[in-house]
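In what follows, a structure is listed as structure tokens, so that the remarks can point back to it.
Naming follows writing order (A, B, C, D, E and F), and every chain is counted from residue 1.
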Amino acid sequence: MQPQNGIPIDYYIWLAAALFTIGVLGVLYRRNAIIIFMCIELMLNAVNVLLVAFSTYLNDAAGQVFVFFIMAVAAAEVAVGLAILIMMYRNTKTTDINILNRLKW
Amino acid sequence: MNALFVICGLGIISLIAEIANFRKWLISIIVLGLLGAAALVVADWNTAVAYYHDMLVFDNFSLAFTGLIIGSSLLWFWTASDFFEALFHKTDKSALILFAIAGGVLMTSFNNMAMLFLGIEILSISLYVLAGSRKEDLGSNEAAFKYFLMGSFATGFLLFGITLVYGATGTFQINTIANYVLTHAGELPSFFYAGALLMLIGLAFKISAVPFHFWAPDVYEGSPTAVTGFMSTVVKIAAIASFFKIFATCFSTIAPVWYTILLVIMVLTLVIANITAVYQNSVKRMLAYSSVGHVGYILLAFLADHKESDGTIFFYLAAYAVSSLAAFGALILVGGKEENTLVERFNGLFKRNPIVAVGLTIALLSLAGIPPLPGFFGKYLVFAMAINNGMIPYVIVAIVTSLIGVYYYFRVIIAMYFKDAVAEPLKVSTSKEVLIVVLILITLALGIFPDFLIQLL
Amino acid sequence: MITFLTFKIILVALVFVITLLVAAYSTYAERKVAAFLQDRIGPNRAGPFGILQPLADGLKFIMKEEIIPVVSNKFLFILGPCIAMMTALMAGVLIPWGGTLTIGGETYALQIAELDNGILYVFAVVSIGVYGIMIGGWASNNKFSLLGAIRASAQMISYEIAMGLSIIALVAITGTLSLSEISAQQAGGTGGDWNFWNVVYHPLGCLIFIICAFAECNRTPFDLPECETELVGGYHTEYSSMKLGFYLFAEYINMFISSAVISTLYFGGYNFPFMNDLGLDQNMITIIGTVVMFAKVAFFIFFFMWIRWTIPRFRYDQLMNLGWKILIPLAVANVFITVASYLIFK
Amino acid sequence: MLTVFLIFFPLLISVLLLVLKPAHAKVWALAASIIELAASLFVAYSFDKNGGLQYFVNVPWIDSLGLSFYVAIDGISLLLVLLTTVLVPFIILSSFGHQYEKPSTFYGLILMMQMALVGVFTARDGLLFYLFWEAALIPIYFICLIWGGAERGRITLKFFIYTLAGSLFMLVALVYLYFLTPGEHTFNIYALYDAGAALGPYPQALIFWAMFVAFAIKMPVFPFHTWQPDTYTNAPTQGTMLLSGIMLKMGIYGVIRWLLPLVPLGVKEWGLTAVIISVIGIIYASCIAIVQKDLKRLIAYSSIAHVGLISAGIFTLSETGIQGAMIQMISHGILVVALFFIVDIIQRRTQTSELIKLGGIRNAAPIFTTVFIIVMLGSVALPSTSGFVGEFLLINSLVQYKFALGIVAGLTIILGAVYMLRSFQQSMSGEANAITATFTDLTGHEKLVLYPIVLMIIVIGVYPAPLLDISESAVKNIVEIYSNYSASVK
Amino acid sequence: MQLTNRSKLVVKKEMNFWERMYLPAILGGVMITIRHLFRRKSTVKYPEKTREISSIWRGQHVLKRDDKGAERCTACGLCAVACPAEAITMTAAERKKGEENLYREEKYASTYEINMLRCIFCGLCEEACPKEAIFLTDRIVTTDYSRTGFVYGKDKLVEKVDDRIDVTKRQTLAVQEFKQQKQLSHNK
Amino acid sequence: MTLNLFYFLSFLAVLSALMVVFSKNPVYSVLYLIITFFTIAGHYILLDAQFLAVVHVIVYAGAIMVLFLYVIMLLNLNRESEPHKSNILKFAAVICAGLLLVVLVGSLKGTEAIVQQSGKAGIGYVKTLGEVMFKEFLLPFEITSILLLAAMVGAVMLGKSEKTNDTI
């Protein structure tokens, strides 16, 4: 299959899978809450890339519109997540972030 | 649809209440509004209408679950009225709750992956915040953060799944997807199945099925009790409704792909959740595990016959919601300001406050599935369905786990009736007493005349 | 194609040089304006009227000793000013500096690149600019720098929202995100067909945009990130020599670009009144237009300085109040009012 | 309609007691139970011995579950309903010597229990039967939990889970059968009979065991009995009476009504096993009873032995056996209530029920001792007491079934005599000690309980025919159904 | 205690809508500044142009010689005593034979230093001097790179024989008269 | 040319994504993530979705990552504050992720079923997107406002200090 920009869709799927997996890896690998958080953003972006790729290949704008929703949600999540972080920080009154490490799994 | 608008409008009204200074009447307005929404749901009954380019479809399934969500929310507002008595953020909290309810309604009525996704996110984001609404309490903070991280993580999986499904079928409309799958059976790309499974994982996080449940106990324990009550009723209803909708419509034809996986998840959920619940010292945490366990029963019904199980699941959830609300209502009263819900706290509750004790007892009995309470009929329907579909070994597993369930529920009952009271009598406001009586009556009524709800779907 | 490329390359070089030149002379102008507004005469030693002062300053920056704090993060410490400079320069790509020139039968637009969502591109670049300040401030490992960096980021994010909202009304009415089209739509009146500058239609939006532009450029009265009375020098406390020069340069380039964007969006860009009624050659109009454009830009740069020496600095909470509680609601209201009145009076 | 009255009248009173908490709850409860007794006597009076099912009510309840409120009375049901309605007033009366906390709750729960028991004995719908079966569990659980002895928390939970576990398996079996009923599925007992009989031997065996376990736990039969002694000891006396006097009969009734005709092949295949288990249980329980130091525990074990005999008799599947079981159920119910009341009296006066600490009561309380002797003799099945009729019929049927088993089971009379007489000897005769010296004789309400019971023991022992008549046709009917099915399959 | 009428009482009254908009006020401020843009600049381009100075402007000191070219200073130390900034130090020495043309009297200052960094140019030294040896001139103390460079010794203070500094403007008639009245002098 | 660009961008994306995970210093993680985002924006442009690319840069690089950096700076996170995670767990995480990758790649093969739809080019233009968004996806678009409102209310509620007006 040869789409207009000459790159097979498989490549994008693999790229997205790789990025997604790296995101998952980060979530599992790291203990630092904020990095886990960033890795989740990475996962969402992997999804976005794939959506845009599919959208281009299927010639259907809905995929790209969906990306906007994901972006909106990501922004909302970041706002809330960081607010939670700040709240925790204020409670402990310390710059030591170890408090987050009660999160064990 | 109109109910959805009403709920969103109520959320905005409660934000306006902060500015326009009518906080006092806010709860009354919300209750009236929700009643109105319920009436709208009833009025829409038997009219399967698709709205806005098929974004939402309010058929009887959606309406029933929407009604259930609204009903539970109404009761929840009553049980959790103390939650809104706090000095700060009264209106914010109620607005968030209402938005969460709106999200839940979307999750029951979506017909497009975008609506599912947004519904889940509206619900989740509101709850992340509500989970942390005891701001000075580190446990609550931790709950919020953990819920947040795991919720977002699950969202990632869900989205990846949606994307792959979209890539394979070229649409986000679930009925179109279902048709596509039906007409293109055998020629679907393999990543369609991967997408379905990733969505399964994502939704399993949301309904907190083992092994994707590990966030649930911590979050349930850390959150304010009222919010936990909300999570374990309204949220659970919405999550399961969306799970059902996706897998019974979209992926119904590829059932062999997910059947075995879901079967394993179901058994694990039943066994692990119920066994772990036994070891909990906090009643809240125990209820958290039990709520995970209940998902197992629902999954059992779903697996037995995923197309026809909606009525069973609906009744199970209704029964579970009522009992759960009663339990959490009692928990809020017993836990007091410091939200201490250790089992010891319940010692001698029968002597300290018989009404609360009896209410909690009936709730727990119903959760344990003792006839003639609704919880029994829920379980009965599930078992009957499973037996009818030849899943007797799994029914045996479910029976054993529900016996384990009896064990841990009865620990609380024993504490209430058998142990000596450690504290002075528990004073409870009249409205709360009335509430408990009402909840008891609803529970009993559901138990004695369950037919209406069972036949609803 | 070749000529097109050549033209573009020349244009890029030209814009680059002009940008640097304008930025350089802005430093001079800043001192001059400050002096004049305070009844002084400002630098006047280097060259006639001190016209070579920027060169002298530049020379001084280069000759100064490089100081990199031992405890700082060296890589990021150097990266900071580079990012600041780079993003500042990048924003000029989309500004239409003039109309079209016809040389040898070929028509060239006096714009380096044309995107159908040019405004957004400018926004994107501007929003990245904050990294320079944040990274530099953090890498300095100095409390004042860090405070400056934090202030800068919070301030820029806050004001970006109002800024973005303020132009939504404009975009809604003009129906395009392309800067060149917006410019073209404000072309001077032709035979009874009156096209006013956008500022006539969007006075409130323009005001908000200008205020936000001040904040985005960290200019007084919003220069909290570097206010020397509180934070010594803010994010560039630890910087010296050319790295400091980069930061200062970046600030002036930003000012230049902001002025250009303001004039393009709201004040007609390269258009001037009655330009189509004069019966001039197209190339002539373009050249005059470019001059006009630069005149407008110059005015806004002057305006930036003028305001700087008029209004005292905000307190930080006042800054945030202004951004969140006043500008954003105003911007939203502006959208509603503008769109509603457009629908009514259309 | 009378059946409905019999079921719901106690419930109504119970709810009234629980909600209104009147001052003299015990009087209310007693009055209610007497009205109930009168109603049941009226039923017995107007009962047509050869009329099959009578007083039946069949209204659909939960359509979607195939559940209908189908209750009816036949001979077997009537006997057990009578047992219930007769014993409950005595049980309530026997509690007059106690000052229970929250009396209205206590009596409310007893009446609720009565409701469930009557329901169990009259239900003709599988699910309804199950519902009543479980409903009986809740009040007794709370009675034991709230007013029981020191160890009650753990022990009652064990009891609860045991019985619930058994009943859940029964539920699975019922549901399984439910889905085999033709057309619109139904839980109607006769439809279930048909569905069960139509199955092959293997599923029938599975169903047999699923249901047998439920009933065996309730009775309790030997390997499933471990909850029983502890629970009996720890429960308040009235609870023990309810458990042993009536509730235990639920299991036996279940076997007769819900097991034998339901899965004839299963019964046929595994009946012998059940008999053997039961007989082992008899011997085992009797032997343990002999070495018991505590009077209450001793009676508990004796109860296991008796029930074992009944169960063994039923599984002989002969009319004699089942009739014997019927009469023995009545007799055992009366006797065990009397025995536990006697223990209760001893315990209340001496604060102990350990045999070693007792002795010499007969000097202090001659009337009491006399009553005890009569009850005890009834329990060891002395001819002309009620116990004799039942045991005779049961052993008779066992001998006919398998001679050796009959002989072994017959040992129960001897062993029973051993432990009963030993207990009597240790508690009543001998020298009075500090505790028993001040033993007062029977008081008013105690006499009111014990005299009628003694009378009944003797009357039934001498003239059991009316009772046997009542149940005869129903028993015949069941045996017939069973033999028809098993013959037809053959 | 109210000394002047210039102080203004600050009132924190609620601002009305227009005031809260700030824009009119900002506009006012902007107008003020723009007006200054066109004002005449008050800067004097110094080296090329200097500002006029007053006739009694007090600049760098000078140690005068008499008409014959001998130093007038006798190292009496009155100037150092009078100096409020303690900027003046000196050491006295006796005149040798053959130095009569150098020093007017038998005693003279072998060193005389004024620390220009300390000096406040108050002119008290001039007033205190009984020999009319030290005067403040209209010369400017020049800049220097080192601290020590500002400690002016006799090399910088004493006027050159061939380059006499005219202080007559400072020695007005009134001053001379004042100095002749012995009873008014400081060191009576 | 395009393919090479794709390779380059993908390589950079994956590399910097890995660096996000393995950088010791959170600030470096943020910076690497920003690089990843830029490469993703590059991919968008390759896919002819310029509008999305610009919005992506504005939202992710311009707002979200600034917030991350802001919080990291505010909380003074540095490499010492990262708690030790046992090597076994890390190993398990790597194995899990590796398995996921293998499963994904394995299951994502075989894309023949996607038929390239012929149609007008330039679906990435604002106009096309606007048409779809405001016609077909109008309801989700409106519902997003509820989402953002909830997030806003929530963030303010959590972030606001209740006791006094001391700012952090």
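Operating definition for what follows: a contact is a pair of C-beta atoms (placed from the backbone, for glycine too) under 8 Å apart; a residue touches a chain by one contact, two chains touch by 3 or more.
Chain-to-protein mapping (UniProt): A = NADH-quinone oxidoreductase subunit K; B = NADH-quinone oxidoreductase subunit N; C = NADH-quinone oxidoreductase subunit H; D = NADH-quinone oxidoreductase subunit M; E = NADH-quinone oxidoreductase subunit I.
From a predicted model like this one, the values you see are computed outputs, not experimental measurements.
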Groups of chains joined by contact, in the absence of chain F: A, B, D | C, E
{"item": "Set of chains whose contacts include both chain D and chain B", "value": "none"}
{"item": "Per-chain CA centroid nearest to the all-protein CA mean", "value": "B"}
{"item": "Label of the chain whose CA centroid is most distant from the centroid of chain E", "value": "D"}
{"item": "Of C-F and C-E, pair with higher C-beta contact tally", "value": "C-F"}
{"item": "Separation of mean Cα positions, chain F and chain E [Å, integer]", "value": "72"}
{"item": "Cα-centroid distance, chain C relative to chain D, in whole angstrom", "value": "95"}
{"item": "Centroid distance [mean C-alpha coordinates] between chain F and chain A, Å", "value": "4"}
{"item": "Distance between the centres, which are taken as Cα means, of chain E and chain D, whole angstrom", "value": "126"}
{"item": "Residues of chain B touching at least two other chains", "value": "114, 118, 121, 125, 128-129, 132, 135, 144, 164, 167, 170, 191"}
{"item": "Residue numbers of chain C (touch at least two other chains)", "value": "none"}
{"item": "For chain A, residues contacting two or more additional chains", "value": "9, 13, 20, 23-24, 37, 54, 57-58, 60, 62, 65, 69, 73, 76-77, 80, 83-85, 87"}
{"item": "Chain-chain contacts as defined at top", "value": "A-B, A-F, B-D, B-F, C-E, C-F"}
{"item": "Touching residues on chain B, where the partner in the complex is chain A", "value": "113-114, 117-118, 121, 125, 128-129, 132, 135-136, 138, 141-142, 144-146, 148-149, 152-153, 155-156, 159-160, 162-164, 166-167, 170-172, 191, 214-215"}
{"item": "Of all residues in chain C, those that touch chain F in their complex", "value": "73, 76, 115-117, 120-121, 123-124, 127-128, 130-131, 134-135, 137-138, 146, 149-150, 153-154, 156-157, 160, 177, 317"}
{"item": "Residues of chain A that touch chain F when the two form their complex", "value": "1-15, 17-26, 28-32, 34-35, 37-39, 41-42, 45, 48-49, 52-62, 64-65, 67-69, 71-80, 82-87, 89-90, 95-98, 101"}
{"item": "Touching residues (chain side chain F, partner chain B) in the complex", "value": "103-104, 107-114, 117, 135-140, 143-144, 146-147, 149-151, 153-158, 162"}
{"item": "Complex interface listing, chain B residues touching chain D", "value": "311, 350, 354, 365, 370-372, 376-377, 380-381, 383-384, 387-388, 392, 395-396, 399, 402-403, 406-407, 410-411, 413-414, 417-419, 449-451, 454-455"}
